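Letters A, B and C mark the chains as written, and numbering starts fresh at 1 in each.
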Amino acid sequence: MATAMPTPATIDYAGGTLAREQVSLWRDGIRRLRRNKLALGAAIYLGFLALVCLVSIFWTPYKPNVIGTCETYQLPSAAHPLGCDDLGRDSLSRLMVGSQVSLSVGLATAIIVLGVGVVVGLIAGYFRGAADAIVSLGINIFYGVPPLLVAVALYVLLGSGLINIIIAISATVWMDMARLARGQALSIREREFIEAARAGGARWGKILFGHILPNALGPIIVQATFVIPVAILTAAFLSFLGFGVPPPKADWGGMANEGLPSLQGGFDPYILLFPALALSITLLAFNFFGDGLRDAFDPRQKR
Amino acid sequence: MANPVLQVQDLSTSFFTGDGEVKAVRNVNFNLFNGETLGLVGESGCGKSVTAMSILGLVQRPGKIVNGKIVFKGQDLVRMPAEELREIRGRDIAMIFQDPLSSLNPVLRVGFQIDEAMKAHDKVPADQIAQRGVDLLKEVRVPDAARRIKDYPHQFSGGMRQRAMIAMGLSNRPEILIADEPTTALDVTVQAQILELLRDLNQEMGTSIILITHNLGVVAGLCKRVIVMYAGEIVEEGPVDQIFESPQHPYTWSLLRSIPRIDADRRERLKSIEGLPPDLIALPPGCEFSPRCPFRIEKCFTQDPELETVGPAQRAACWVTMKRAYAEMGAADITDTRPGAASGIRPPKGIEARVADRRELNAPPLPTPASDE
Amino acid sequence: MLTRGTLIYIGQRLVLIVFTVVVVSFGVFAVVHSLPGNAFVSDRVHGQALQILLHEYGLDLPIPLQYWNWVKGIVLHGSLGVSLYIRGLPITPLVLRELSVSAMLGGSALIVTIGLGITFGVLAAVRQNSWVDYLLTSIAVVGYSVPSFVIASLGILIFGQWLNNLTQGALYYPEPWSGTYGSLAELSLPAIALGFYTSGQITRITRAAMLDVIQQDYIRTARAKGLQNRVVVIRHALRNALVPVTSILGPTVISIITGSVVIENIFGIPGLGKEFVESIFQHDYNVTVGVFTIYAILIGFANLAVDLVYTVIDPRIRY
């Protein structure tokens, strides 16, 4: 990799050089990302989705939650491009509103996991000893139960609000991030510039977040982008099983669930198909984007 | 000795990469005679391994043999159908590789890997394969062979692994054994044992050996004849004694001077070759060694020399040759090995930009000589 | 094969499994027993009558004591307790029967996943950068992006309805399925829907591992021996590529368990996953705890099995 070549700045104090290396790494990564057509297409779709989500807060073609806007099980038509559901609600309007749930669950979970997973992992990796033992045990225990079941149990415990769903999902996906941050901290803490910082009297908070975190940021951000599709998928599973946002609020997993009987009955597959399609394309886009990001910023890590 | 078992004629192999055609081997001609041990010498990247891989038809995409013939038993291996060539690989022509650590499959037992080579061909009767596996390991002097044959490669030491590789290579009693840097990854004492083993095998079984190495010391101990390659071409060939005594190509001369010698004057510094080998995508016009050659003349930058006879059975591709360099340029006393140092010739304008060295001829010598590897 | 080190390792893992199961079961126990409402809500029993019921099932005791009684029940009688919804029905036989159904579905899905994933991964790697490669890697990405309930629904739509005249109901059936375990035909669609998701990950890892392995020197050695290409790819390359593939078998099993909860509910398969969701809706908490515990044990042993598979695939790995 061209950027790994030592620059004349290598003679500088190691911490400073590393920071500069990081800067050129970022610039290089963004350039590589732009060249990746698939990731670019995914980014454009996700931008469009974000726009739809914003618009849907203020405007939808019909009121999404009003029953009897049109005939029940109406097939797609000019007035209702995606048809209507079993209660006579406009599917397009509900699909638009449904993006709010998916996007907010995905992003909020990623942010929570970033916060909690990184802090817990860094502390475990930096201090080792008892802190590491406790965190590692916690990680192992959470890996030992099926995440969807944990999310269901927490959902039932906490209640059905959107925030509770986000918390429940976060509790099932933080382990990968914590493990990654722990590994990064374990290896970076042995590098010379950490030694230098410690010798310079820096406190552990400063070392963790001022020195170790910036150098582990690439893989951490890549990991965070993969949390988003997993969270959206888990949320969809939850609401498909009936553990979603409280009705009448629309979300894609719940819409698919409502559409299942009419698909199985063989009279209207569209109620299920459109939210399923929206969900699948969104997950695909997040995965492509995440792949592109990983290839661009973390070329060593191959899956 | 007179009849060749293998004739390589005008062999050219290239790799077609995104950056262009890498001409790894160009117009290589040589014969391998029956029972002979032939040395193939050069820096890494000079095309010696690619030549060997071409002989076995193992050049992988994006590489391709673009020209030439490889004649074995009257058949051209280059144009042979893949299945027939597969039959020859490992049965008539076997190959052993540089790094015995990575060249043995880590998840399969050593014995299995040896037997497999025999099972792939029908030369050894099926009921004798298991016994022959043990015998081979004994032959290459692996102690306690009957037990060790059930081990996995990671349970073997480096030298033992190379012995196992050799056993594998010899399992079908091939006519030709190609040994690609067989001792490079090993300890010095183990190196000597492996070389001795190869010599014994050559003498006892009459197997012809092509020994590929960058180590001239290895060649001196084992080979009668040597071929020196540089940047994909043969630059000099001839009997080992003669080449060591009187190298005629400046590259061979420089190579020989870069070997540490126990009998040399302690005060004399080792002479490394200045500069780097040329870019095989954009080769310099004229002689490929000219950008690094201390004895170059104007002609070297424009015309590529052919191999010409320079002594009994010795041929070199050079416009100057060391005879002239000694006579006219004082090569005997030269300590300054920078390009053009002895002849005082600088590259013509325009070519200068394309040759690798950008150093001024009369600039003070750099504190540390650039290493080639 | 089973050296002393391996046995010690297995012992350590068993201790960890027991520990995990205890922590998980207690956690779930504490959570579900502190939930508002109980299994008797639907019976409209109040006051004195409710207290008597609660006492009968030991639900009026402090939670740690309830848990202790529950553990005693398992250790002494192998009993996971009784159902609160269908009063007094012992859970253990029920859950074990459902486990066997789920295991059959999950096992079939695992075969689909590994079979598809490894075949696609090897083909994609052998034909790197050809249309085969692009097609198979695209299928893989679609595989792990499209939720299993979408695949299941599409399967129902395509095979159950559009192509039903062609397949004569061979691939889809009006739920619930026949008998306890269903027929092979009934099993196939759910198993494919369930296995397809994880096969994408396996395709990806197999392809990457194969591409890496094909570069290795020992593959060159194998070719130089004159082995047939098929032998080189399968015996020499795939054997080595399976090592990284094995590392995601643990997560794969967890994914399949997660997916089976959804798939069993769509296809009306009487397995653990369906029981789990029902138990939550019915406030039948003893069943919920029982299902969780069984899953935790299952995952523990699956991971242990994967670690032992490692030692079979890669002789360098010893514990």
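Keep in mind that, in the parts below, contacts are C-beta pairs under 8 Å (C-beta built on N, C-alpha and C of every residue); 3 or more make two chains touch, one makes a residue touch a chain.
Note that the structure is a prediction, hence the values are computed from the model and not measured.
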(message) If each step moves to a chain the current one touches, what is the fewest number of steps from subunit B to subunit C?
(response) 1
(message) Which two chains have the greatest number of C-beta pairs in contact?
(response) A-C
(message) I'd like the Å distance between the centres of subunit B and subunit C, where a centre is the mean of that chain's Cα atoms.
(response) 55
(request) Mind checking the centre-to-centre distance between subunit A and subunit C? Centres are C-alpha means, answer in whole Å. (result) 23
(request) Quick one: report the Å distance separating subunit A from subunit B, using the average Cα coordinate of each chain. (result) 54
(message) Among all residues of subunit B, which ones touch two or more of the remaining chains?
(response) none
(request) Report the residues of subunit A in contact with subunit C in the complex, numbered from low to high. (result) 140-141, 143-149, 152-154, 156-157, 229, 233, 236-237, 240-242, 256, 260, 263-264, 266, 269, 272-273, 276, 279-280, 283-284, 287-288, 291, 302-303
(request) Flag every residue of subunit C that touches subunit B in the complex, lowest number first. (result) 216-218, 220-228, 231, 235-236, 239-240, 243, 313-316
(message) For the complex, give me every residue of subunit C touching subunit A.
(response) 16-17, 20-21, 23-24, 28, 31-32, 34-35, 141-142, 144-147, 149-150, 153-154, 156-157, 160-161, 204-205, 208, 212, 250, 254, 257-258, 261-262, 265-266, 276-277, 280-281, 288, 291-292, 295-296, 299-300, 303
(message) List the residues on subunit B that touch subunit C in their complex, please.
(response) 56, 58, 86-91, 94-95, 97, 99, 102-108, 116-117, 120-121, 152, 154, 165, 168
